[in-house]
């Protein structure tokens, strides 16, 4: 494993190089998302040794986690109810379609293809019991455990999501029609919007992936918060489904199981080595962070952080 | 990493348990494939330390590699021409459809989704220059390098494939229509049938995956035969696309990037640790080895061989 | 053209033969639909000469029109706003998919394939201006004009539809997402449910198709209520899209442009000759009336009522 | 029915107006098709009374019939073997996809959607028994009967088709894989290419549709050559499937069941009134004749030739 100094240098260089790229623009389908400082770019690496390294605007660049937060209900439900129950509501296959597809639900049966597309995360939010408040409290508890710090819900963004969510409503009513969720659809969507509106920095984001990289133990503490089984399942699903219908290309180009959010965040796992998080609001037409991709590719290339070869000693 | 003795015990136990399962039957779509001893079951582990361990009928259980051989043209062409050229002929995304789909070519553009489905492997066979003989000789050269021993073409199986290949012909002519391949379609298919008819045992099969697990170096020799880049790409594609439209479920359940063949072979990679190969002709209705799946799940569970946690030390 | 007596005999014989068929069952997806006398069977022919002929339980067999009522907003909007505006909200192609498909909207653009599937009719209901009450009043006005008698909304059925409509909600929100409809989705659906819940007998149903068969003039009155252009468009769309993804087979077997409803009604047009309506609650698994199909096939065969040959004099 | 003089005037005016349109270009996917005089435009009407009217370059404008000839095997096999056998090899539903789709065969079962798309016509050509020569002779016999004059095979075009037919080969091998056709694929395709290469003028083309318009009797002779049943089936299929995935729009805009060919021919039926044929090599990007569409729309509008209203007397 490279020394922290080497990693810090690689991180700084990668952020510096990425800043020069002016492609992409903030996602505009939710008004609030477009309303961010355009050039913010931040990156963090949380080593399994416990060291935390950051670069760019890491300290004061706050953003909502959006789809990167879809890891949370998957992890929480795997821990509390186990894989048999979870995979009754959602599959674990890459869908080959875009994240917001309704068509797939109709052509391949009512169960969402995997938990990291919209329909899958809505399905899981629909399995949480109780009122909206109780379900949001469940999310808050898991957020604190996984992110290692408070990650408040940005209520302005949540409200903005609610007003721009007819496609997600279409998905949710189809899930209800298919018997995958039950109860009030707007309530389940309200929980889902709260999830997407969790907000923080790359520090909290990298904390979550560092736990995954460290097999379920919080680096530097020896404290196990997730079972090995949950970690194994989540990282496998990130590998095949984390980047929607670009997951394959992405795994080839970076070798790191990852999950993106349309706010420009990407979180990634280097098993045994580190949790990574990068963020920049300039996203491409598929909603992936342009600079984030660059930084991850640079780290992969320069530090040899590819799951296939990282541990081979070759 | 577990001791060889522990691994040998786990291997023996897994094979013994798998033998008790009588589900599945030999694939019948090619007459020659059905014509094999039904209960043969073999498994091999080639550690990156160089140790070779086997169980079951490993020594005298010969079979054709079928789709597991699709790794060969991908590896050979990546080494000789590089990823830019290779990914001009083939993508690297899971297709979401079955291995023999023509529809995907029409709905998602003429380039096959990835190199491990029929259309992708036919596309790559179509990029090899020269006569059928010259192209088959290219395959033989790469086979010797990767499998570490002669793996002859079973000409009876090759002939059987040729007589049962109208779906592959449909695929190949569609690829030609789309400009992905050129030249004589029957010649390219003849090369493809030769590839699928390479025959050997789990020993040769595990040799190939051991090289991938060891970052491109033949275990026990220090001899590099593949670049790190090729290994990283191939293992990433095995992770997302190796088991067709079950790749996601499979990676969740075993954590090992793998590739199956309809003869009942599955080869798998535990990065940094071992190459694995299992074989049994009883396949399920999707063409995957029933006992092979069992053995890999047992090894994954009992030895902790999951890419996400193997190297995490957790 | 056959004499009324000949037609009456053919009608009686066809109904009698159909009654012996016990296949099919009332549609159950809306509770209220299942709650009908199972063996009711009625048929009516309204000749362009003005004669009205009926058979079976015609006089006292009331039912809701369901999808057969989808002709109403198409006709009304064609008359009031013309085809250019109408075909901005909806296409005129058979969809090849089932009546309640969401997938087609996603794969072929947001505009519904045609006005006679659910998405198409919901789209047209969404173009009507004003409150729910005002829009329902618009429907009532057109209903009186086309059906020639009051056809009240069955509020129990309408309520039952509302409670079983998550698939239609999914469709409607997708239409809103795509910009095809705007405003409150539940209000537009309330109008759509009112439309589907129009109720009457085969007499009113045949009145509508008799107007279409007579080129827009109410038979026996000389009073034009629809333009020739509207009639031409509506009958063409019935020919290609009226029976969902069985339209082609149906036109081959009966030769009459038609529209079915899941309550067991089928209305059909014999251009220049007659409007036809048949009804029986026993429907097949695609929602088409089993006995209705039989009666129409018998009339087609025995009276030569096929659009292709009816007027050829051959 | 309008007088012949009125029709002749309408025909002349329509051709004259169409000539001014310079949109579209000859189809280029078969080299020979591009090699035609660009501005040729011809139109013919064969009334059921027996009168023949022509306009434009009708007399000396020869072309190959291409897909318009797909009516021939459908008609011939319906007459010789009946609908039950024919609809065992081919459906009668609009496909919603383009004429050369392979995907539909895979997603909706091996039987082609209808006899007027490539896969359907190839399927029917595959049902003809015997050698290529014997099958081509069968086509020649039916051609003489239906077209009323010799329509020779243009062997240069046939050869050109053969060299540009990898998509059709893909279709044919998929049909063979699915058990829809058997025997040598190249032989069946050779028959299909011969069919597409039948050549003549609008006179012969209108003769065929005049028989259909006259219920199976050759106008002016009283000689029945087709059963009413065959006519009813063929015209119904033309209505729903004749213009590929534009059939619905087309029927709405002209009201005439029709069939197009990529050489620029369109044949159409006005039941009870006339057979029509128009031709001009300028086709749009879907392979439909631009000027042909214009002429048919003008005739429909100016002569009231819409199946829905033609016979209504309204």
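A few remarks follow.
Just so it is clear, A, B, C and D label the chains in written order, and each chain counts residues from 1 on its own.
One rule holds in what follows: a residue touches a chain if its C-beta (ideal position, glycine included) is under 8 Å from a C-beta of that chain, and two chains touch if they have at least 3 such contacts.
Keep in mind the model is a prediction, meaning the values are calculated, not measured.
Any chain bridging chain B and chain C, meaning touching each of them, is among A, D; the list is complete. Set against the Cα centre of chain C, the chain with the most distant centre is B. Taking the mean of the C-alpha atoms as each chain's centre, chain A and chain C sit 48 Å apart.
In whole angstrom, the spacing between the mean C-alpha positions of chain A and chain B is 31.
For the pair chain A and chain D, the distance between mean C-alpha positions equals 55 Å. Residue positions of chain D in touch with at least two other chains are not found. Every pair of chains that touch is listed here: A-B, A-C, B-D, C-D. Residues of chain C that touch chain D in their complex: 48, 83, 91-97, 113-114, 212-217, 224, 228, 231-237, 239-241, 245-249, 251-252, 255, 257, 269, 271-273, 304, 306-314. Partner chain A is touched in their complex by these residues of chain C: 101-107, 166-167, 169-174, 176-177, 185.
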